[in-house]
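What follows is a single structure, written as structure tokens, with notes after it.
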Amino acid sequence: MPAGLAIAFALGLGAAFTALAVLIGPKATNPEKLKPFECGSEPIGSPRGRYSVKFYQVAILFLVFDIEAAFMYPWAVLYNKLSIGPNGMVSMFGFVEMLTFVAILLVALAYVWRKKAIGWE
Amino acid sequence: MSILYAILDWPGTKWLFLVFGLVMPLASLLTWAERRQSAMMQDRLGPNRANIGPIKLKGILHFIADAVKMIFKEDFIPASVHRGLFALAPILALVPVLVAFSIIPFGPTIYPHSLFDKLDPFALAASDPSMPLGAFADAIRMQMFQVDFGLVFYFAVLTLANYGGTIAGWASYNKWALLGGLRSSSQMMSYEVAMGLSLMGVFLIAGSLEPGWIVGHGASPQMSPANPLNWMWLWQPVALVLFLTASIAETKRAPFDIPEGEPEIIGYFVEYSGIRWGMFFLAEFIEIVFISAVIVTVFLGGYQFPFLDPDGFRVGGYMVQEAGTAISTGGLVFKLPHWAVSSLQFGAFGLKVVLLCWFQLMIRWTLPRFRADQLMNLGWKLLLPLSLANIMITAAIKLLFL
Amino acid sequence: MSSSHAHDESAEPQKGPKVLAVSPKNPNVRTIQVVRPENADTTFLAATATGLGITIRHFGKNLLLPRKSVEALGQGGAAAHVRFKNDIETIQYPEEKVQYPERYRGLHRLMLRDDGAVRCVACMCCPTVCPAHCITIVPEESSDPSIEKRPAVFEIDELRCVVCGLCVEACPCDAIRMDTAEHAKPVEERWEAVENKASLMGRGIRSTATQGGEGPTWRDKK
Amino acid sequence: MSQKVLDALLAKHGGAVVHTESVHGDEVAWIARDHLLAVATWLRDEPTMAFDSPVFVTCIDRLDWRPVGLPPSAAWTEERPRFEVCYQLRSSTHRHRVRLKIAVTEKDPHLPSLTGLWSGFNWQERETFDMYGIRFEGHPDLRRIYLYEEFVGYPLRKDYPKDKRQPLVRRDDLPVNPIRKS
Amino acid sequence: MADLKQLVLGRRDIVDDSDAEHELPHEFMTVNMGPSHPAMHGTVRIVLTVDGEKIVSGDVQPGYLHRCFEKESEHATYTQIFPYTDRLNYVSPMINNVGFAMAVEKLLGLTGKLPERAEWVRVIVSEVSRITDHLTCVGASAMELGAFTPFLYFLKAREWLYGLLEKVSGARLTHSYVRIGGVNKDLPEGWLAELEFNLDKLEREVMVECEAMLNNNKIFRDRMAGVGAMTRQEALASGCTGPIARAAGVDYDVRKDYPYSVYPELDFDVPVGTTGDCFDRYLVRIEEMKQSIRILRQCIARIPEGPVVIADPRVALPPKRDAYNTIESMIRHFKHIVDGIRVPPGETYSFVEGGNGELGFFILSDGTGRPYKLYCRSPSFVHLSTASSLITGHLIADVVPIFGMINMIGGECDK
């Protein structure tokens, strides 16, 4: 509920700014000005073409790693409890579990690294 | 009376206070500070002319002039853009940062009925918060949105800021803008991961994702949260550096300003002008303030003034548990009334945020810009493994010394 | 980076850069190899720290110390040894003006005779030599019998002028000079930038370079 | 300074070299147009020559050539080739230089391109084409370089008046936005 | 363990062609970079064809600043050309002045006959100009890479040097200081001491600070190193000279290989690089500034007294005092102004080491006071012709350091 409130308020602020621009700003257009700006030259071709798949790769990687990272939040919060075994002794359970998880993550990272999917080369 | 306090405690009031009383002025001032500060670093004077009659103030009024100029500029939309998305993009850039502020505890809890008393933390802990009357009733918590998933909310919301740049780039029907938008999204995504993971060490130590909890408890229950040694910067220095790096990257400012990269591609807002461009700009500066606020909250003790406990300055105290609350007691105490403590704590928060903003500007004007692939490499190949290592090492140490 | 002992068989610990060749014409002219910082010498954090050290020092100095005087600023770096002053180099132009050097080529002026008449004899040297063709002279008979001609119209288009100073050099009677230390004024219309004879003479002073003038000129200086 | 280059050139390619001279310390060799490529290749590849670096290409238009102080026979007449294309070469190993000159007639202003031998001549030949209208045959990309395609005439030719004006060219081909159209 | 390794690194025995085979179809994008683009200083247009961020091809098109230097020069007297040469490489105009004057003097047969002090003054102002040129180039490139602060430190120092040149010539940038047969005026009183002070300040403060902020900075280094590399052969075949060629290992400096003026008497080092990438170009320029400072220190110590312009009535204007008083000088003065300096018929190519490399003037004289033909071999033009091949295969962001380190000066390239 407070989040919704904040979103509503922020959207209102953004809309108010835009409304200011629409209402107050003067209008004086001409065909030259309405062209897309491409360093003063006539644009060649359309910017709506299919662009390189490398940009999508990053997005996919992000999804993979971010969702994996999301699994870590509950673990981090519950780490204290996970580290105390049923007999009150220190338990390695939580640590080892996450170590395995991170290791798998690292293997994935190494694979992606090796496949040169990160960066642009 | 309690209706007044109810209004004051209403999240909307807090948001309005936070945004219009704290964030917007600070962000606006930053636009001036950036120019003045960079000038000072570069042996220049910087803007110092904006004045209203005799009021000069070293050009601080510049931000007003900026705002007025942007509002009265032509609302110019090129012919070939996608109008709806074009108008939506700046709003999308601005909204998430403003929303994300709701999780930041920007001050201590205020007990309006005991404003002029010296606060007794034991009595506070023993008091029943549900009681309608009494010294601790009508408490106003200086945090709009207190939830257990606190910082995850921040990550989630800030990811939305991605859309602003990307949609602006696509909607502009301009190849440079498109490139800027693509760069913006891939950069934000790359650093999002490292940013989330870098804080994991803090969560491990604190055992909570709630920023208010982290501020109120510090790293160790054996020390007062007001003790600077109990703040996370000492316990998670690697995380601090990683988070600072990743979050500067999230603000898309130098050295990570490749989505704008003025001399390369002009940026995703090439086609924007006036207040629409100003919204991107404002979002960027608000983000600086926000990053500072998060770092202050998580790593630098938030609103905690060094050695200032709720009842006054204390040296050499110890912690006791009272009704499930850790309370700092004993030691050499210099008691202060509640209003003085609260003001000092507000001031401490503001000062820390301003100092971190200053530091971010300092970095921005010191370092050259990365290249897109180097930026990716830094994010994926350095920050991500380092943050994973930081998590596991923190976990291991915690296991050993538990 | 510095020569390691492993592959340095000549065992000649050389200081300074690596010399690749020496010019046969002059043994003191050498070809040296630039010292390239290695990858290992460079780190993100150290670079950031070094950079921040320098910028923070400048920031602090410029924030805390007072500015240099305008006189010191106008002298370039040379007068910077004013102690306990900051490094700010900005000159706030309309309020603060630097002293232009003696040779500064500014707006033109027409020099005057002792009786206040124009020195120019309309010999047409300056319009001839002007690479920008910005000088217009219309000569007329002079009323003074000892002087043959004088300009009826003397106009300089300061927008066309490239401020090269050739006209001053070409003038055989010290009639035109550029030592006013003034900029061309900002104007709104192009014609306003054309200086006429009256305005050029308005800046003029009596020339000291009398005919048969004594004293060494700049070219005789030892 | 580099007289030995001219000597070697005469000895090896006597048939191709029309004339040689040394002016102000610069060695000049007039080369017949048809032999230019062979001579230039030899100059580049022969180890004692090793002209590995191009310096410049330019062209001289002799249309108004009436030198003061020289006999009238030195002046340009219709019978002589109007253009001289000059190639200046430099050797980094031997530190000598040579200027090759190729006479080109007004009617048929072309000569083989040396871009294939020295890549640095690419733009310089384009510049000469742009300014003088000399066509370099075999040039990979002989376009105007300073001026625009619609420019009429060759501005550095002596018969091009200094203050000639060119028609204003407008390009109005703004692409239509597919989104707005639909 | 071996399985894990195989899993991570892929099977060595299987040729990994997945990237080539399974690349999704996408289109190349053609985009104009320039003429009105922040990095295209001096208005150049590059038509880039990009695959994502990677440049597939780039067509570099100069000509947006074409000044018709050569055509105008054919209609101007030799003296009148000096203001035009100022605007060739407008960050180091003194070298252009000197180069042009030397070419005309070669035709006049005056090479080596100038008063000694004139030669020294010319070298001093050229080297100061060279420093300003390199300061601008290095600073502007750093600025385009986002390092704005070093840029302003460099410009601060450049401002001091411009101030000094202004004291000598009367103008900050368009000096028109050198004359055929010498220089316009002698150095002012106390100027050399001021120069020395500024050089010290430049070397000990500005350069030290900027090197600390740039040389070992990993971001800067990564942006520059390995970018736009050029081999020695390529540098030679494309006619590159100056810092770009030296960065590629070409040991060529006109001051060393074809010494002119008083350079044979001076001690200096010519820095060369190894890899020919942008970082080497940067380092070469930084080192050249230090060498120029060294040369200037020698000049300050050794400059002799004497006249600064030749006393030859054919080339130099008579002294003002004589022009005022004697009829012979007056007539000579008029002849000089109206007809210009009569240069005997002939052609020559004379070259000096400009800020960017071999700056040459090819002059053909027909015996009048105006050149029949004047060609300027501008290093920027030659260097820019390599830009297309240098940027191909790099990312869009790499255009900035490559272009910055080519140091294309519009006035010189487009002439």
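Order of writing sets the chain letters: A, B, C, D and E. Residues in each chain are counted from 1.
Definition applied: a residue touches a chain if its C-beta (ideal position, glycine included) is under 8 Å from a C-beta of that chain, and two chains touch if they have at least 3 such contacts.
Everything quoted here is computed from the prediction, not taken from an experiment.
The central chain here, found by comparing per-chain C-alpha centres with the mean of all protein C-alpha atoms, is E.
Of all chains, the one whose CA centroid is most distant from that of subunit C is A. Centre to centre, using the average C-alpha position, subunit B and subunit E are separated by 48 Å. A straight line joining the Cα centres of subunit A and subunit E is 46 Å long. With each centre defined as the average position of its C-alpha atoms, the distance from subunit B to subunit D rounds to 65 Å.
Once the centre of each chain is set as its mean CA position, subunit A and subunit B turn out to be 18 Å apart.
Within subunit A, the positions touching two or more other chains are listed as 31, 35, 38-39, 42-43, 45, 47-48, 51, 55, 120.
Listed for subunit D are residues 175, each touching two or more other chains. Residue positions 41-44, 79-80, 173, 175-176, 266, 365-367, 372-374 of subunit B are each in touch with at least two other chains.
Only residues 37, 39-45, 241, 362-363, 365-367, 378 of subunit B touch subunit C when the two sit together in their complex. On the side of subunit D, the complex with subunit E involves touching residues 23-26, 52-56, 58, 60-61, 64-70, 74, 86, 88, 92, 95, 99, 118-124, 127, 131, 144-148, 155-156, 160, 162.
Residue ranges of subunit E in contact with subunit A, taken from their complex: 4, 7-10, 18-19, 23-27, 29-37, 40, 45, 47, 51-54, 395.
Residue ranges of subunit C in contact with subunit B, taken from their complex: 44-45, 47-48, 51-52, 54-56, 58-59, 62-63, 86-90, 92. Across the interface of their complex, subunit D is touched by residues 61-63, 66, 68, 70-72, 74-75, 106-107, 233-234, 236-240, 250-252, 257-258, 342, 344-349, 358, 360, 362, 364, 366-368, 372-373, 375, 377, 381-382, 384-386, 414-415 of subunit E.
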